[in-house]
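Each of the two complexes below includes subunit A, the first together with subunit B, the second together with subunit C.
So, the complex of A and B:
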């Protein structure tokens, strides 16, 4: 293992340790108490002794360092316990929600990357023409629309007015679809939230791609290729688009970090049972274990994405590896 | 031209989305009543027999069991699954439910009930007097139970025969019919016997009119009517309850007939929208949850009765109530309870009199002013903070109105908006009034103002009894009345007399300002089902909406 790789690994290790520590202390620094979640409806009805008894049962009266050791023990033993507010095993809660979030946010990432990049490139090739200008204006307008507002409008128009789409859930809860029908049903429920997310997150890929293509089109090797009479399609794909990949890929990997938590508003408006809303509910309820483990998962995913991008950069653009070695 | 391109792009995107989703699929869904997407007209159903209703529940309340639900919403819905010995009707009167009408009450301390015939739990076990005994004893063994306080009030429970049970309370409690017998959910002892933690039971087995057949965390509940329910077969066979926390989504669901009703309420601004829709009815149920302006009685200058009175005279409570709720609220009074309750003291209405407020303030020495704001003896501005919950638009609006009105009498108010837990930590640290408080003013609300012990919980300085005294009010007069008379109350008339006296004291000393009792506005689709029943302090999702009272 060379120094560069060792250094890189050590950076990630420090990051993971920092996240594990921060994930414990951050929820506990929030004002308020998890007592309400633990007790249920009427915490004011309990005597002080009863309240202390409840907090004792969850080690919440122990010194902070002791609570931290319990946290480390449970974390590494994969015994994540029950949520204070949901009264259910945290692993079950996370597993049941993660799939839907990955479907929604993952589909959005792929579609917005592909569509945004393609539109950006298409626009760049038509620079200063009316089509280019129209696209730039359109994407700017779409980007300026708040996602929740767009969601509400789409819900009102396509869910209520036309009745084309269901207004809540990730699937028809009251039907037992199987096979192909189930897939269609899931896609039917996915359509509006996904469309909202794609439309409101296109802009960054559009501008990045457009700017990169414009820059590359002015490179000498592209001009030379044109002079050599290399077919236009080949130049577009192999000379231009391939080199556009690095900034687009960077943007894509940055978005991976938001995969699990970035769709809270959309999940809320469309009642989509994802991890984003679970994290939000956990914070509201001061549900310490649920906050810890959901945020830990999101943080680890971000680190994994960073790591993956580090590895893949070298493959996508070997010049980066050379620069680093130098 | 630009517009044309913009439209083209949008069209392409929508087309792609539709192709992806196969929205032309002929798959039918049972939603709302009997409606499918794309069908604007729901199938009308009489109250007689409806197969399925879809009713949104605004919170995930776990398994709905008495040891797992987390809020008042859960309590509302679990009443369909779990029965109680007594219940409240549409007039908020307490009536027998599981028991015969000829129950005995001796000095509000001993209660003897006989169970009605034919009651069964959802697992088939009969409901017996032993189950009743168990249901009032088990919560006391639980660390986490909202029912524990009421169960702890019971001295002994005697099973006289299979259907008869006698309760003896530790102390006479005139309010136990409401707080205890109408609240404690009846459990099957065979399910919970020997279980240390009641919350660990994943099945929700009650003896109510609906059984919980499926619950998916964060997604939905499915309830099914108990055909042989002892008070008759419920009129709706299946109730599907998606968990939808977003108000906008619920309103869209109601408008599109994908939902028949919701456990949540709407604001007055939405009334016209829903009333304009054919088949939608807005029910306006008188509420018992007051909007209150808490005053920190322990902090100067709020520790002076005259200063608190000046605040009351300087606030136009009627205008605030009208502005916030229109005709859909009852304005608060100095007596701190609803003025239409039988034991409400007359003549305690707030009087908006800025001249009187100014006179009181000047009498306290607050004569100097700077930029229209009065100065205290040390030359500091009379400026205070009012804490309110973020996201609660009505309370924020109330704060703005209070701010404007108090400025007229030379008091500056700064609005501090915080998330609920943060605000609670200042107002009600650790939910224990004995832990003090750190605020000047705050907007607040309770849900139990129809309880006979509400005023005592709110104002007693004995924090065991005054467990809701978040204002830190200490009054010799009030405490003396409670100490001398409460324990000797032997009839409803005596209790009402005491409550009237307590209201008079509160009105004189103004520990807090009760602004309004808002009606609960709920929307129901009456084309799908017309059996909805509304009532005082009642959510429209209540037992009487599905079985007749008699």
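So, the complex of A and C:
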């Protein structure tokens, strides 16, 4: 047990180190002068002395290994440099954005898991067939809708046309709501992006839960329990749902990695002020330092989430002993 | 039932492929060079109107099928080739090769997909080939794991053991017999990967990371959104159709996988 946790620690640690190293080398692999990636597309406007000054300030005239040490120092000191498109320290920008992403992506994770699993189980209890044409058709279509496209369409219909929901942002910028009104305002802004995300991500939970419930319903111990006259509700909860938890949680674990991925697209459509929008704005402005550090943070958050669910996995199902290497 | 669904899926895919190949002859205009008035509403001359620089949107859609399919197939090919080589070596040789390759696979599995793809695209010159390579390199890990487990079971089959005992070389067995056994699996995997490639390409293009000089369904939506098509009714003919095209081809590919899944299941039953 201890060795397996240590082994997983090392796996994630290697991953973190690799990402930090990639993050160092990527901008240095860019063709052309590093100035372009530091101050924008027009380094030609600067005088030679200014250019040297900038190169010195970023230690770019030092040997590679020294640059790497400086990079590590700045990384851990949270001194991530400035975004030239936004003219702000990158750390400030990122800190103010992370909360919104966690709110959106976190609520989506919880809601899509719960709703998807419940719907899947419900459909399995209702029709105990494995193949169901109308279900196959609807899941195929739902599964094929690109999330960003659905977001755009919902925004056009319910945001612009009907005006039921705000069309951008996470809160009303020009009004000063407090207390309860503030919460309502934030939820109002959250509704449409969250709805899109939930609808486009619950499909996998639906199919997994439906399939595993159908399978468990055919197990001998469930049939025996029925024969023994155990109440239906009790069988549903203790015999069936408890065992569906494992495949559902496995899926949850796999999806945690995509948590931020989905968020990038949806946030962009709704101009939701999270990390995803920041990353997209950075890409659009070719603001390389900002792209780099949003990537770094997004990756670290993803890895942290994966690690957390990995550790939780053992708690959920005690039958799962992590296999030692042969 | 699955066979029928797969058949319909195949039919749809072939139809879309034919349209993509024949796009220059089918399209009423050349969406790259023919430019007329901008922001036209749909009419007999322009079925879906024109975009912000006066290109015919319907022709853009037909040409977009080429890009989406090309990137889908190329990225799938790259991902499956890498995945199968890694999986085969890993499963066939075992031992330290296996342990090392599976470490690398686990690494690619946990690295966050979209942020990594975004940063790689941002730091390279955009183009269909670059995009396909990035998507392929970032998506082979699942294939590698499945191929490895398939190899492990094939490896111990009696006839493989027999020809091995008769002195057949590894290269011969792997290329002549093991590949043959894996063929239905590749079919299934390929359509799933092509589908994922097409969806990822459209997401990337939608984020503005596609090549600005190549038409794809994602880039059409990107420009429509950038030009605020949402605020007018233009989204109905500018954003809706490319999305429906993506859904159509994605459905076709999913339907093909249904057929292949059944084939694999049946083989598992008989073995």
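Just so we're on the same page, the second predicted complex is superposed on the first by the 254 of 326 C-alpha atoms of A that agree within 3 Å, B and C clash if a C-alpha of one lies under 4 Å from a C-alpha of the other, contacts with A are read in each partner's own complex, and residues count from 1 in each chain.
Note that in this section a contact is a pair of C-beta atoms (placed from the backbone, for glycine too) under 8 Å apart; a residue touches a chain by one contact, two chains touch by 3 or more.
Just so it is clear, the model here is predicted, and its values are computed rather than measured.
Enquirer: Touch test for A:169: subunit B only (first), subunit C only (second), both, or neither?
Expert: first
Enquirer: So in the superposed three-chain picture, is A:264 touching just subunit B, just subunit C, both, or none of them (first/second/both/neither)?
Expert: A:264 contacts subunit C only, not subunit B.
Enquirer: I'd like to know which partner A:199 touches here: subunit B for first, subunit C for second, both or neither.
Expert: The first partner, subunit B, only.
Enquirer: A:295 in the overlay: touching subunit B, subunit C, both, or neither? Say first, second, both or neither.
Expert: Only subunit C is touched by A:295; subunit B is not.
Enquirer: Looking only at contacts as defined up top, I'd like to know whether subunit B or subunit C touches more of subunit A.
Expert: Looking at subunit A, the partner in contact with more of its residues is B.
Enquirer: Scan A:152 for contacts with subunit B and subunit C and give back first, second, both or neither.
Expert: Once the two structures are laid over each other on A, A:152 reaches both partners.
Enquirer: Return first, second, both or neither, reflecting whether A:160 touches subunit B, subunit C, both chains, or no partner chain.
Expert: both
Enquirer: Is A:284 contacted by the first partner subunit B, the second partner subunit C, both or neither?
Expert: Both partners, subunit B and subunit C.
Enquirer: Once the shared chain is lined up, is A:256 touching subunit B (first), subunit C (second), both, or neither of them?
Expert: After superposing on A, A:256 lies clear of both subunit B and subunit C.
Enquirer: In the overlaid three-chain picture, which partner chain does A:104 touch, first (subunit B) or second (subunit C), both, or neither?
Expert: Neither partner.
Enquirer: Mind sorting out which residues of subunit A both subunit B and subunit C touch, each in its own complex?
Expert: 30, 131, 133, 141, 152, 155-156, 159-160, 167, 268-269, 284, 286
Enquirer: Please output the residues of subunit C touching subunit A within their complex, sorted ascending.
Expert: Touch list, subunit C to subunit A: 1, 5, 99, 103, 106-107, 110-116, 118-119, 122-123, 195, 199, 202-203, 206-209, 221, 225, 230-231, 235, 239-240, 242-243, 246-247, 250-251, 254-255, 258.
Enquirer: Show which residues of subunit A lie in contact with subunit B when the two form their complex.
Expert: Subunit A reaches subunit B through residues 30-33, 35-48, 50-51, 53-54, 57, 85-88, 92-93, 96-97, 115, 130-131, 133-135, 137-138, 141, 152, 155-156, 159-160, 162-170, 172-175, 177, 181, 184-185, 187-188, 190-192, 194-195, 198-199, 268-271, 273, 277-278, 281, 284, 286.
Enquirer: Name, in rising order, each residue of subunit B that touches subunit A in their complex.
Expert: So the residues of subunit B touching subunit A come out as 1-2, 5-6, 9, 13-14, 17-18, 20-23, 25, 27, 29-31, 37-40, 52, 54, 56, 60, 62-63, 67-72, 74-75, 143-146, 148-149, 199, 216-220, 222, 240, 242-246, 248-249, 252-253, 255-256, 258, 419-422, 424-426, 428, 430-434, 464, 467-468.
Enquirer: In the complex formed with subunit C, which residues of subunit A make contact?
Expert: Answer in residue numbers: 11-12, 14-15, 18-19, 26-27, 29-30, 131, 133, 136, 140-141, 143-146, 148-150, 152-153, 155-156, 159-160, 167, 257-258, 260-262, 264-265, 268-269, 279-280, 283-284, 286, 288, 291-292, 294-295, 298-299, 302-303, 306, 325.
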